[in-house]
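See structure below.
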Amino acid sequence: MAIRIFITGGTFDKEYNELNGELFFKDTHLPEMLKLGRSRVPVDIRTLMMIDSLQMTDTDRELIARHCNETEAEKIVITHGTDTMVDSAKKLAELVKGKTIVLTGAMIPYKFGSSDGLFNLGSALAFVQTLPVGVYVAMNGRWFNWDNVWKNKKTGEFEEAR
Amino acid sequence: MAIRIFITGGTFDKEYNELNGELFFKDTHLPEMLKLGRSRVPVDIRTLMMIDSLQMTDTDRELIARHCNETEAEKIVITHGTDTMVDSAKKLAELVKGKTIVLTGAMIPYKFGSSDGLFNLGSALAFVQTLPVGVYVAMNGRWFNWDNVWKNKKTGEFEEAR
Amino acid sequence: MAIRIFITGGTFDKEYNELNGELFFKDTHLPEMLKLGRSRVPVDIRTLMMIDSLQMTDTDRELIARHCNETEAEKIVITHGTDTMVDSAKKLAELVKGKTIVLTGAMIPYKFGSSDGLFNLGSALAFVQTLPVGVYVAMNGRWFNWDNVWKNKKTGEFEEAR
Amino acid sequence: MAIRIFITGGTFDKEYNELNGELFFKDTHLPEMLKLGRSRVPVDIRTLMMIDSLQMTDTDRELIARHCNETEAEKIVITHGTDTMVDSAKKLAELVKGKTIVLTGAMIPYKFGSSDGLFNLGSALAFVQTLPVGVYVAMNGRWFNWDNVWKNKKTGEFEEAR
């Protein structure tokens, strides 16, 4: 069965508005990225929202959880801003059972050339195919259980909680 | 324990010689790619050879196998040209036991901008962390057992053997 | 005699801070860009300031003018933010005589991959070598006299004043 | 009046065939490059041939000259492989009078990301707008008269003849 990919926004999908110098969201770049990676993994992509994760509310998180529960897919990748990725992972662990859910994101927008997004997407798709049921964060080439991860704001890297 | 990465060359690491218009090998781009992916996976990188996989001989494959056996690492990623990646996987399955070995490569050189290499590297590193002992090919976002994969030369994609 | 290149900042040289998602200035990318373009034009590069041109004051413009007057070079390229490039051109026309001065910039930061900066730099260097004494804006592949140009904020393009 | 751009091929427009690892020609990238440069210079683009300049014959050069003579445009840019660019410039100087013709090319294919092509195109378009009637080579940010230039095969750079 195809892997479900839910798009929620985050740095991953931000673009540069050359008229005012600000970052904004237009469309997701996931299909373009999967094509670049020559991915042949069967996926269904659906955009749930396009927001900065600092703007994400509990209502948004419940919406994501509902979509995870309603899809027939048992393996789900969620693209998400890194700032509150851990909060969403916790919420999903609480509300969704019996599925393998992997959240991933990027520190640099895909469109900026020097992005970590393609690397992260490759690893997230691999982790979701191989990890058992549970909710995980996939960043920096590693995977973390939802209850054992935090983002180090000084380095921008994800680490085990202590 | 750190993951061992063995470099053998392949399209992954090819560069364009602007003086004669030919492709050639200089140094591996793996460290640069891992930095771009902000990877925090502990790895030891070692270049065994820098060759086109069409030039790879059985002696070369035995050398790779010996290095796989001699390293203390139990998880090994091998970058490899795609044309004979499946042949090397078979040879390694025969000669190396008790380790998780993932071969990966690229259809487009990393330096050409439009490469699938970063995506493949992300997935290979994820697969080697999660798959059980065995020899695998990681391409197109998927993983294949060494005895159930071939490269479709018409599409450039890896598929299950039939 | 070498062409003088004065750096003043602008979108050209902006970078993305992955820790807070904001754009900022570090070092100029001019030497890297000239290397990419395999430029063999003799140039002396000097950074005067690294600011967004919306922040540029008349004092800043006088400083730029003084440097233009003090250098022995008769041909000068100035990289500049696009928002007030025309204002600076006017000021320089008033304060500097007997030199060929070409202002250029970019709508997208060089580091973002999809930048117009390399194209603009190529054209600015060409215009400064061939245009007579005067102050010019080089954008969109075209050159404009300082007193016959404005930036259309809706399109982000430079046009003849009417 | 619009500037005429004649495409003849060369490294500029080469692409990488990921199935056999060879370089080949498909379509010209000129329109894409002009868009990236946000060029607003009026141009008419016409592809005359798509060949490696080492394959270019005198018949090909006469064809290019005929097109230069037949177009109403007085300013012409020709994209061309670098290996025999100087030979074509000589031939055009002999066969075409009363026009400003600028030949340019690239050492690295545009599609490879690290190309000098965008820089060269920016400078060629600027030179053709400002130089008097004559035949010129525009490379390395510089312009050369057709009878005072050669390509240094060791450095890949264009220099004054001596």
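Just so it is clear, A, B, C and D label the chains in written order, and each chain counts residues from 1 on its own.
In this section, contacts are C-beta pairs under 8 Å (C-beta built on N, C-alpha and C of every residue); 3 or more make two chains touch, one makes a residue touch a chain.
Worth saying up front: this structure is predicted, and the values here are computed from it rather than measured.
Engineer: Give me the step distance from subunit B to subunit C, shortest route via touching chains only.
Structural biologist: The fewest steps needed to get from subunit B to subunit C is 2.
Engineer: Touching both subunit B and subunit D: give me those chains, sorted by label.
Structural biologist: Looking at subunit D and subunit B together, no chain touches each of them.
Engineer: From subunit B, which chain is the farthest off, judged by mean CA positions?
Structural biologist: C
Engineer: Provide the C-alpha centroid distance between subunit C and subunit D, rounded to the nearest whole angstrom.
Structural biologist: The mean C-alpha positions of subunit C and subunit D differ by 26 Å.
Engineer: When the C-alpha atoms of subunit A and subunit D are each averaged to a single point, how far apart are the two points in Å?
Structural biologist: The separation of the two C-alpha centroids amounts to 45 Å.
Engineer: Where the centres are mean C-alpha positions, what is the separation of subunit A from subunit C, in Å?
Structural biologist: Their C-alpha centroids are separated by 39 Å.
Engineer: What parts of subunit D, by residue number, touch at least two of the other chains?
Structural biologist: In subunit D, the residues touching two or more other chains are 107, 113-114, 156.
Engineer: What is the complete set of touching chain pairs?
Structural biologist: A-B, A-C, B-D, C-D
Engineer: Spell out the part of subunit D that touches subunit B in their complex, as residue ranges.
Structural biologist: 11, 14, 16, 18-19, 21, 23, 107-109, 111-114, 153-154, 156
Engineer: Applying the document's contact rule, which stretches of subunit C touch subunit D when the two form their complex?
Structural biologist: 33-34, 36-41, 107, 113-116, 118-127, 129-131, 138-143, 156-158
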